[in-house]
């Protein structure tokens, strides 16, 4: 069996500049995610970060990526438009994309959604429950009625996204807000999952249920049919077809 | 009653440079569309074209536009990204957008869809039938089972678009192709209608049924709720809310 | 202008048998709803109840109904299947349907959804917030970021419904649950709105915001195109069409 | 690896009473379908027919079915409502359902859709092309741009179905019609695929591409997560939860 080739992309700035972030993710959020993904025999993992050449997302890296996981926070604007174009083309051709937490404002997510992807937020170390509204979906395999987080950043509606193809999770927050925390869409041949949990200084990605969802999502987002070519046809049909089908 | 303020945007190049286009649309496609819209008492019309300052789409023009109709063909790339940003913001805030025919490759349509919007095509003066698959929808008011065009350019699947919120028309072409010719989506607070028919040198926009659909679509796409502000909130909620709802 | 003809249907049992329900709705929930609808000049209202002949939903009544509002609670099973068939046919032909609160388990709603429409619930007089996730939609006209209810029955996910065409409201409950409280679907030519709030002994339908949503929904659900016939074509096409279009 | 357990259900009447049907499917359509499914190592097949006890769909048979394939034509009304209820419960609990051709009017399909599922039709041995509009979907694996049938019954729009979750195939017919020939929906935890091709006396199910689609669909429709229980919760939450999440 061919392994699913996941690439975890991280902005990787706050882990170097902020002590409290460094404490939680000393090797960077990308490596924390890569570590738990790597424990699964059907998944192989690489990482890439903003400050590498081409943000680590060269054509070769993307050609060898089935599912790209995206974490960004403060430096969305520094991501080169040409790389955003390239990632978009790969998604349209069939590559899966998992966008985590503050990645909601990344260029690539907004590009694929066509909307502002804005929302409300609050950092008050409050409790969150992610209700599972799609118990038959691959992404919720092994998850019960809800996931409980005891200390989370709040993200609240209205979340400016196109209507999801399917709603997977809806969050409840202690302070009175709700949020569409797990949403899936298809664009071109590619599958996209937005997953709300995560924070640079709360250890959300060490939670076993959150890890389980991300592993499930990698398996779900992997392309079903390997396409021969990246990109979609924009072809002129021969004129002689008329009359003869 | 306030009139619906429609603005018809046109690339307006081929009508000046190509004789056969000029013959069909001597005053430009925008004026041909404006003319039949203007006959309806509930609609007021303006036009704007590529070669005007800011492509005719200044902030003031857009502030006074409820529904923007878009025709472009050969010069999509010449549309300034800053103007595309501006139009996108207006759609997200609630402005309606109707994209006609070759506008499928316009920057603004691709921006809002997030996909390549590519397709197959053929110019063979063939017959087309647009089947009405949404007989209860405002856009098909007064249209029977199908619209017949005796001489059309073919557009064929696969059309690389996000799954429409609702399918309105599906076309049959003499040569053996089908196409999702009428599709609606919502993005932010705005309504979007893509309508396939049209060609720079076939008199499609003089067809009474095609005109009827565009008039219907203007009424459908007009914002339902006038928003105080353009754009969506990206707000930090006060921390004191916790505990007290 | 023709008025929108609304018919409010009520089971009308608990108001007669339970004192605490009678106190809140002495004339029945149907009349409480009819009363606030009737204040709007563009809406005319009738009522119908379970214990009338044909449950008050004769062919003539339905022929003269643009939007049917449905409240039921304990006697869903007593609704005659033949009447359910009749209502379904009307919805498919274009009649709007608004299903309130415990109507989620009504035969007509389950018939149109195809699912069990089951959910979790709790009566604990807790606080609820209905977040507006569709600020551009007709149904939320005049509603701000959310509606606050200080004493509500809880309805919680998972709500077993087909993915809504558009999510309108999502509820937050004090006890830790969320719920897709406002959902729209189209079936045939008809528009359907499910709206969660309501309870037989909490005065929810006296809340100004809840009333506003129901008025908006009546306007939204009214048929866009009056159909000549109820029902959809099941027709055999003439064979001579082949070859000649 | 556990095999996917497919059950092929057939009305199995015309094969016994009409000579021209018998010629094409001497052992019944169900056995023709079972035969090509059975060649795949990951699929095990059973059959069931209308005239067996409980139509061959006992609780035990359904408990051991991952994907049910449905063919019916003239005797839809003879299917017992209690069995339709049972099949519906299984779909909601996660069983896949593939509805073929004239099964569009079956009780089970109409039950799950909530609409009339009516359409136009014509038997004129005309050519059909099924355009693949979802080249990245599991169901179209190994299928190119379109499937060509040289002699098909025509099914034409408007097809009265809820908007599909995703459009898979759209058909072109020689006589001038189009049809949404491949559609998917989810209801409860179950996946549903409607596939248009088929006819009792044209050898459609012997076509290699049609067989490929049905095999793909069996794999796609198999439940992703095995549910402990059939049916969805309708549970009263304990009151003590309030305040403590």
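Going in written order, the chains are labelled A, B, C and D, and every chain counts its residues from 1.
FYI, a residue touches a chain if its C-beta (ideal position, glycine included) is under 8 Å from a C-beta of that chain, and two chains touch if they have at least 3 such contacts.
Values in this document were obtained by computation on a predicted structure and should not be read as measured data.
Listing every chain that touches chain C and chain D alike gives A, B. Residues touching across the chain B-chain D interface largely coincide between the two copies, over half of the numbers being common to both. Simply put, of B-C and A-B, more C-beta pairs touch at A-B.
Spacing of chain B relative to chain D, judged by their CA centroids, is 37 angstrom.
As a whole-number value, the distance joining the C-alpha centres of chain A and chain B reads 31 Å.
Shown for chain C are the residues in touch with two or more other chains, namely 129, 135, 156, 158, 163, 165-166, 172, 174, 176-177, 186, 188, 245. Taken together, the chain D residues at the contact with chain B in this complex read 129, 131-133, 135, 145, 156-159, 163, 165-167, 170-173, 176-178, 180.
The part of chain B that touches chain C in the complex is made up of residues 94, 127, 129, 135-138, 140-141, 148, 165-166, 172, 174, 186, 188-190, 223-225, 227, 245. Per the touch definition, chain C reaches chain D in the complex via residues 88, 92, 111-116, 118-124, 126, 154, 156, 158, 160, 162-163, 165, 174-177, 185-188, 231-239, 241-243, 245.
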